[in-house]
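Some structures to go through are shown next.
Next, two complexes with chain A in common: one pairs it with chain B, the other with chain C.
Right after this comes the complex of A and B.
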């Protein structure tokens, strides 16, 4: 799965958790879930669980700790997918 | 330093389904999950523990300037709990934050501190949420002005002595709470 495709999948996952629908149109690697999309921190947990289900990966606590931006989240997904493939 | 966190319980009910599979495992330790499963009102216990973690996180975030999403590393102990208040502490590595919480059927508000002296001259401003709450605070609290500094953090200035006071701001749903030391 290429990076653009991953970002699109991620946007689908985060959409129900943000009220900043206009900010969704400008999502890029540097988008911050809390600062830019005003996602409630309790809903970040839902996003992590949705990602685990969607990509069939397991996200450990250290990886979860970094997942505050699109960039960091994509990096975690990519590395977990790679580990699964290998 | 001070940190606070308010949870609008009616909004939390709609926003978050903590009964979802694996949800609690991501944010609560085994001991905390035990407290939740034994609680008379598990909803209150979930959001009480969550607001304790968030309030402590705010202090840690301000002291270290590090942003991490690691609620499970903030480990809560409840020392006293009744249907109106709770007292406890949150441990993070070697750090310990004391917490005091107010509980009602509509909201939970926790104040955390890394120094119990801060609880001595504590001021709390509350209002139903309105987008201009900062100007409301400034017009209602004589002698103090709140503003956001260059790092995007809230600060309160005593308009007479010009001293800067430690503060923390929290908003969720219908509630906004500002705490500061005088």
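Right after this comes the complex of A and C.
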């Protein structure tokens, strides 16, 4: 799965969690979930559960703590997908 | 200390026989039952397989909750409470606060017995299945007792006291008195009072096991809840929510609000589980004291009370309640007020009962009617020996009256009594 495709999947997942629809249209690698999309921090765990389900991966607590931006999240997803493939 | 007069300016309801004020008003005037056979209770082997639950379509819920909230919402009590609470707020002519600044003058005291019992079950099963990490963020806010007041407050932007009271079947009436005190003392201008109760086998099961619910009417649900009847054989469980906007008279007049009624006063106490009082039985000394002190705090004579909305659950305790009212009011058989029980139509809505029944009481005062008691055509002779049977109307009475007393009694030997008065421009 290429990076652009991953970002698109991620946007689909986070859409219900944000009211910032215009910021959502400009999502890029550097987008911060809390600062830019004003996502309630309590909902970050729900987003991670949705990611786990979508990509059929399991995300450990250390990785979870890093997943505050699109870039970091994509990196975690990619590494878990690779681990699965390997 | 301020001593503000307190009035009711908004009503909301989510009851087994009506989930809007017009539908509910129509139902209680016409004695329409909300009790139905519940296949799930039958499947689970309950003794009592009938119950009352509010009914509304899924589209209705979309008006109160965001799609995100709805994704994991599994708390009937929160759903009912939010519907009743937001409807009461709108009925009072108040807007949802969309400012960044909280509405410091408005708060809520919205009670419940349990919260999100189905959500709790789901979470417990996940944990036991070694799936703790799958719980997500929605378990705490739906299973904390104050979940209902927290949801309501967030939607309205309330900045005054936001809390949940819990006093078993007295919860709803207590919430009104707590809100009343807060406004009376000048600490808030407006308080959304009310209470809610979850639906379903996990909330009703404990009562079924205690054998306090009837098992004799599974084939005739609408006849099952029989307050004051000779054939009363236990209560029928119910659920739902009722909500009332309480407001200082000054605030209501300033904004030219519709005023349904005035809260004159009330009293809350406990029998201490002493004397005849136990965890589950009321101490009559405390019940009578509660009613007397409610009247005293309202500055009226006991013979000014024209209508009593009883607790009257359809158990063997109904006759004792009548005796308590009679003694507390110092009334004779003939001059006892009219008395009715909504539980004949909707069953016993546990922690929601007091607020739902107070909404019914306010509608009676405001519109000038006394709703009929249903299912007591075979009046308990123990009751008719104490008060004239014409005091227990079985047909709708159109009658303008001024003062109504409402009481609720709960497990733990606790009592709450509130006195409402028709408001007449001054």
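We take it that the second predicted complex is superposed on the first by the 86 of 86 C-alpha atoms of A that agree within 3 Å, B and C clash if a C-alpha of one lies under 4 Å from a C-alpha of the other, contacts with A are read in each partner's own complex, and residues count from 1 in each chain.
Quick note on the criterion: contacts are C-beta pairs under 8 Å (C-beta built on N, C-alpha and C of every residue); 3 or more make two chains touch, one makes a residue touch a chain.
What you see is a predicted model; the values in this text were computed from it and never measured.
When the two complexes are overlaid on chain A, chain B and chain C occupy overlapping space and clash.
Of the two partner chains placed by the overlay, neither chain B nor chain C lies in contact with A:1.
When both complexes are overlaid on chain A, the residue A:67 reaches chain B alone and has no touch with chain C. Of the two partner chains placed by the overlay, only chain C lies in contact with A:16; chain B stays clear of it. Of the two partner chains placed around the shared chain by superposition, chain B and chain C are both touched by A:42. In the superposed model, B is the one of chain B and chain C that contacts more residues of chain A.
In the three-chain model built by superposing on chain A, chain B overlaps with chain C at stretch 98-106, while the rest of 26-34, 80-88 or 98-106 show no clash. Contacts of chain A with chain B, set against its contacts with chain C after fitting on chain A, overlap at residues 42-43, 45-46, 49.
The touching residues of chain A, counted against chain C in their complex, run 16-17, 42-43, 45-46, 49. Across the complex, chain A is touched by residues 67-68, 71-72, 133-134, 136-138 of chain C. Contact residues on chain B toward chain A in their complex (touch as defined above): 12, 15-18, 20-23, 26-27, 50, 54, 67-73, 172. Listed in rising order, the residues of chain A touching chain B in the complex are 40-46, 48-49, 52, 61, 64-68.
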